[in-house]
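The chains carry the letters A, B, C and D, assigned in the order they are written, with residues numbered from 1 in each.
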Amino acid sequence: MMAAPVQAAAKENATPALASLLRHPLLRPLAALAVLLLIDLVAIPGFFHVSIKDGHLYGSLIDIVNRAAPLMLAALGMTLVIATRGIDISVGAVVALSGTVAAMLIGGGPQAETPLVWAMAAAIGAALLCGLWNGVLVSALGLQPIVATLILMVAGRGLAQLLTDGQIVTVYYEPFFFLGGGYFAGLPFSLTVVALVFAVIALMMRKTALGLFIQAVGINPVAARLAGLKTASLMIFVYVFCAACAGLAGLMISSNIKSADANNAGLLLELDAILAVTLGGTSLAGGKFSLVGSVIGALIIQTLTYTIYSLGVPPEVNMVVKSVVVFLVCLSQSAEFKQLFSRARTA
Amino acid sequence: MIKAPNAAAPVLELHGISKQFPGVKALSDVGLTLYAGQIHTLMGQNGAGKSTLIKVLTGVYAPDSGTIVMEGREIRPGSTQDAQRLGISTVYQEVNLCPNLSVAENIFIGRYPRKFGMVDWGGMRAQAARLLEQLEVRIDVRAQLSSFPLAIRQMVAISRALNISARVLILDEPTSSLDEAEVQLLFRVLRKLRDQGMAILFVTHFLDQTYAISDRITVMRNGEREGEYACAELSRLALVNKMVGAPDASEHPAELVHPGAAQEPPAVLMQARGLGRKGALAPLDLDIRAGEMLGLCGLLGSGRTEAARLLFGADKADSGTLRIGERSHPFASPRDAIEAGIGFCSEDRKHEGAILELSVRENMMLALQARAGMLRAIPLHQQEALARDYVKWLGIKTADIDTPIGSLSGGNQQKVLLARWLVTKPAMLILDEPTRGIDVRAKQEIMDYVSGLCRKGMAILFISSELPEVLRCSDRLVVLRDRKACGEYQRGELDDTSVLQVIAGEAA
Amino acid sequence: AKPLTIGFSQVGAESEWRTANTISIKDAAKKEGVNLKFADAQQRQENQVKAIRSFIAQRVDVIAFSPVVESGWETVLREAKAAKIPVILTDRAVNVTDPTLYAAFIGSDFVEEGRRAARWLVERAAKTPDRTFNIVELQGTVGSAPAIDRKNGFAEVIAANPKLKITRSQTGDFTRAKGKEVMEAFLKAQGKDIQVLYAHNDDMAIGAIQAIEEAGLKPGVDILVISIDGVKGAFQAMIAGKMNVTVECSPLLGPQLMSIARDVVAGKPVPKRITTVEGVFPAEVAAKELPNRKY
Amino acid sequence: MKSPYFTPLVTVVLLLAMLGIGGAVYPGLLSVQVILNLLIDNAFLLVLAIGMSFVILSGGIDLSVGSVLALATMISAWLLQVAHWPPLAVIALVLLLGALFGGGMGAMIHYFKLQPFIVTLAGMFLARGLCYLISINSITIEDPLYLAMSQTQLGFLGGFVSPSALIALVMLALAIFLGHFTAFGRGVYAIGGNEQSALMMGLPVARTKVLVYAFSGFCAALAGVLFSFYMLSGYGLHAQGTELDAIAAVVIGGTLLSGGYGYVAGALSGVLVLGTIQTLIAFDGTLSSWWTKIVIGALLFIFCVVQRLMAMGAARRAAG
């Protein structure tokens, strides 16, 4: 609905190329994002103002992408899981666990107790193990993804808290802050990381048959098996990949707040990640997926959050605003709704 | 509409129906008239628009233009439910039943027998068993539908449609996975219904069946109505010509001569000894030779599909050995089999074959890519070239090689799946009902093509419920009965009549 | 004699403060030889009710708990009373019609904490009479008792002073990450025109301090930082000059709880409301105080 | 995936085993009252799980139930305490609102072809948000009827149950009837098995789907009413994350999340399993917050794995 005026206006002088562009599945999430930004442009003075501070860019837009980075990572991982008809609700717990492992290994002094690289490798290693665990439960034991990952969702955070004894571990070792708080080429380094991860998966999609296989398994696992796909290892792969993304996101979050908060880090991140994936146009029923869509979905969510903060919406109204926007974005993506709308207009 | 006084008033009339899908004009200005007490057969090549016409008629698709008149009143069914309410009962081409429900429920859901306002489970089961008995299907109606093979599911779908007391009955390729005997049973029931005054619309690709049962024939070609004919007035040759739209097409090309058959039997490619699985197939001995087409035949449920699945590793064998090349134990998974150079085209294309949302190209490349491994992606241009070739060779009617396979007609989907295995150039190919739903002309062409491959050295295990086809193509025949092999015959040892006796177990 | 058995239902482990609270109680129990049955409610009231029911079924001597919220305890407390098990509340009070349903309440007064924070600011503002102060507030979890009370207490005191004005208020869910995120947005939206940050807990304040620094401002100087709880991290921030004051909200209720529990079981009269002794720690005393901090 | 029908039975057996082992380790666990407490304390969860069963059986999911529950307590409390409505009218209104809320989401899901997950997620935010709009404080309920419902103890086998537990069991019986003996219930299974086929078979798919979500909304509101009996308060933070418990209960009870397979009664066993895990932990009484989480995870893991292995074994035996 929010996208409707934009499209209607554009349609009038549509050339064939433009027409196919208008039918592009990414158009709708993009339009939703554009509308949100438009609201910000009108309602929040200086929203688009980007200045240079300490040699890097500084402004609301930079904050949004920086904040959205962990969500984008989680959403990228989640996209592949969802494409195989699965779901991973342990993302938040993995975020907490990986951040905690890194922070514990680095320790609370100005110097790292474990070299940074090793600490990060251990954190990602822990995340990979989590993914392997999920993947094995789903593919080898055939547990339903939601319960299989529920186990880790509950226990993973407990494990992280066990490591820290429920305390927040504050890190003072400066190089650790670069991942989530540093700048590269004037932009947040986190963005570079996301771009790298994205490039890696996009390349894999293009240069290997991974995308085809994941879709095939997601749409019709029986047929995929009969065609000779290694369905089990594919499943394990997507869960491992999702957990690795979550682990990286966890490092980013704890690096950004310079501490590991096992109790709260990544709380409910899984829901936001799933929301981002769906807003990006990927169906939870599995099959076709869009990585770019998920990234845009994450941006929509973060822009919305940031808009709520900046507009001065009272906190008790946050949820209502968020839900209304989600409803509107969904409806704007529904062809059926648009039909109804245009029918009402012609009648 | 006023008809000649001696003809009965039509029950259902379609006028000027058009339907456009993105990129495809599926129907343009099609008309159709059904009379009570007549069986009307719809013929046409794959993708001619038969199923689409039926879906428009029964409210699945809304037509772009045209009217539907039932007993003098214009109707606009908006859903299958509407159509049913109006007295139109349909069996669609792909079996549309709920795999998770019991057989009995699948027949009765939507119109349960009730007792004290509750679903009367007992009564329902008894009735369901009785209905199926009509078609001589004796199964546990409490069992889940998904535990039965396609043919049984097809029978259940037919029973469901028969049980709706309707004015019009529509059957879209109901016989595509049935054996001769079942077809005869079905026809007996259809004739009875016709005599009771029902209007029946029937779609099939089998000329024999068309001539056995129809009163009238409508031929469709490329989304248009070619013409309507009284069955008795249209020769087979004329019918085929009208379908394909070529005046010179001959019905039966020369009988296939298979040079391999006459010579020394070539080397054994695959050897199964005592291969079996409890409850599915008794231990089976089988030799399959390179360059030989081995037919498996038997009645419905005789275990042909099970045998194929065991050979391919789709189900795990619990006894016996399988020798192929160096290896001597049965395959643990289809992947194993594929690595050993075997392909398997399943009979159940909807559940075990097609990946509906993926494109024709992707569906075709899947097995080849799986064998190449994930990391070695086949370059796109190569994929496209291959896909285009096969689309051309197999005459697949599709807007584009990037069209989702789900929007192809049933027969064309089948061709794509066949292509999926052909592109892998396997040493041995297991074909379970490969020509299901494929039109007469294409069927012949495909079997010729496959025979050609066989001549070049591919081993083929061929399963079909069409006995003439099996007899014509196979070099050697293995007959299964009650999930047990019960005889092996060389080409020419059996003919159309003796084979029936063998598979039915009446001493040959 | 048989050791005293206390069933204790904790809210969860959502913050360092809470964890310090748990440790204090566990340590005190161990030291005094009390048999402690500990149940964690994972932040949910219904879990606390279930835990209390199971304590009743296990016939503990005393039930103690930190209520997740004030309301909704009537029924289960009646069951406890019927089973003749005395109940002691810690940390937060409950709303019940019959005050005999619990024996005592040990804990802080969140409203008072808010007031203290505000009073510190009022005094500070008095030093520069011609300046006005724009305050941004980081609230706790929406609907939680400390968030509501700390907000109200603070608002109540500054209402009298026209120079103190809350210009923005948003929830930071009591976490560092959210505190930082919200503060970033505040800083962009309001630019340099923020003089005071009031955070409902130290964690959010610590997160917000990072945001302030990244914006190129000096926390504690350009923007005064006031928060509540008094965890170690806050003291370290104060020593570094990045925070101005923290109002103590002591989690160390363990020893008090044990002694009250003994008294209650022994039938001695105990005061119904026991407020914990809590201080206000401005930055000046931080360095001296830090070694004494247990949490 | 092929053996969903063994799962409910396996669940019951495992549940009994778990209680048995627990009873041996922790004296007092196997008292009548402790077992009845499982019902009393989880009555609202059972009702949620019943609604959720239908949604999941139809192939959907409803994430809004926890929030709708909270909203129901909030509206009840507000109407009773602030607007002074009569309690029965309040209950009736709340149930109606719940059904409408669910039905509204169902209509969006069906008619606009939106994904259930996202619609009900937005519904979850909305319901929670509406709570705060009514009040961010919790509101204590003092209505005599609610008090009576809260404090009445119905004697049973030497222990007692609450009226809420009874209501939940009646609801379960109704739901079993609805699911297995009415056209609506069977339609739900059919849609879950294959929505396309259900449509082609001429079933009223639209109506059934909307009704399923309406029923789930109704159940959530009813659970809210039971919860306000239980807590005697309305509060926006009530029952956070309960939707996940309800989903877990349904799935543990043997229902496939992809729809079509399972029994409504499985919800009860699932709820009891979750309740038993909590009870075991409470009886142990030595676990810290994090060990609590880890042990819950471990018990869930053991439970699911054993359940799965037993079901696979049973399927193999049946096939062999």
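Keep this in mind: contacts are C-beta pairs under 8 Å (C-beta built on N, C-alpha and C of every residue); 3 or more make two chains touch, one makes a residue touch a chain.
These are the chains along with the protein names UniProt gives them: A = ABC transporter permease; B = Sugar ABC transporter ATP-binding protein; D = Sugar ABC transporter permease YjfF.
Predicted, not measured: the structure shown is a model, and the values here were computed from it.
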How short can a chain-to-chain path be from chain A (ABC transporter permease) to chain C, counted in steps between touching chains? 1
If you take the mean of the Cα atoms for each chain, which one ends up farthest from chain D? B
Using the stated contact rule, I'd like to know whether A-D or B-D comes out ahead in C-beta pair count. A-D
Just give me the whole-number Å value for how far the CA centre of chain A (ABC transporter permease) lies from that of chain D. 29
Go ahead and note the Å separation of the Cα centroids belonging to chain B and chain C. 71
Express in whole angstrom the distance between the two chain centres, defined as the mean CA positions of chain A (ABC transporter permease) and chain B. 44
Mind pulling the residue numbers of chain A (ABC transporter permease) that touch at least two other chains? 161, 166, 316, 318
By residue number and range, which residues of chain B touch two or more other chains? none
Can you list the residues of chain D that touch 2 or more other chains? 132, 136, 288-290, 292-293
I'd like to see which chains touch which, written out pair by pair. A-B, A-C, A-D, B-D, C-D
Using the touch definition up top, name the residues of chain C that touch chain D in the complex. 7, 10, 12-13, 19, 22, 36-40, 42-47, 49-51, 53-55, 57-59, 68-72, 74-75, 78, 95, 97, 141-144, 148
State the interface residues of chain C toward chain A (ABC transporter permease) in the complex, per the touch definition above. 13-16, 18-19, 22, 139, 142-143, 168-171, 173-177, 180-182, 184-186, 188-189, 191, 203, 206-207, 210, 214-216, 233, 236
Where on chain A (ABC transporter permease) does chain D make contact in their complex? 85, 89, 137, 141-148, 150-152, 154-162, 166, 271, 274-275, 278-279, 283-285, 316-324, 326-327, 330-331, 333-337, 340
Where on chain D does chain C make contact in their complex? 28, 31, 33-34, 37, 40-41, 44, 131-132, 136-140, 142, 147, 150-151, 227, 230-233, 235-241, 275, 278-279, 281-283, 285-290, 292-293
Of chain B, residues touching chain A (ABC transporter permease) in the complex: 312, 314, 333-335, 337-339, 344, 346, 351-358, 362, 365-367, 369-372, 374-378, 420
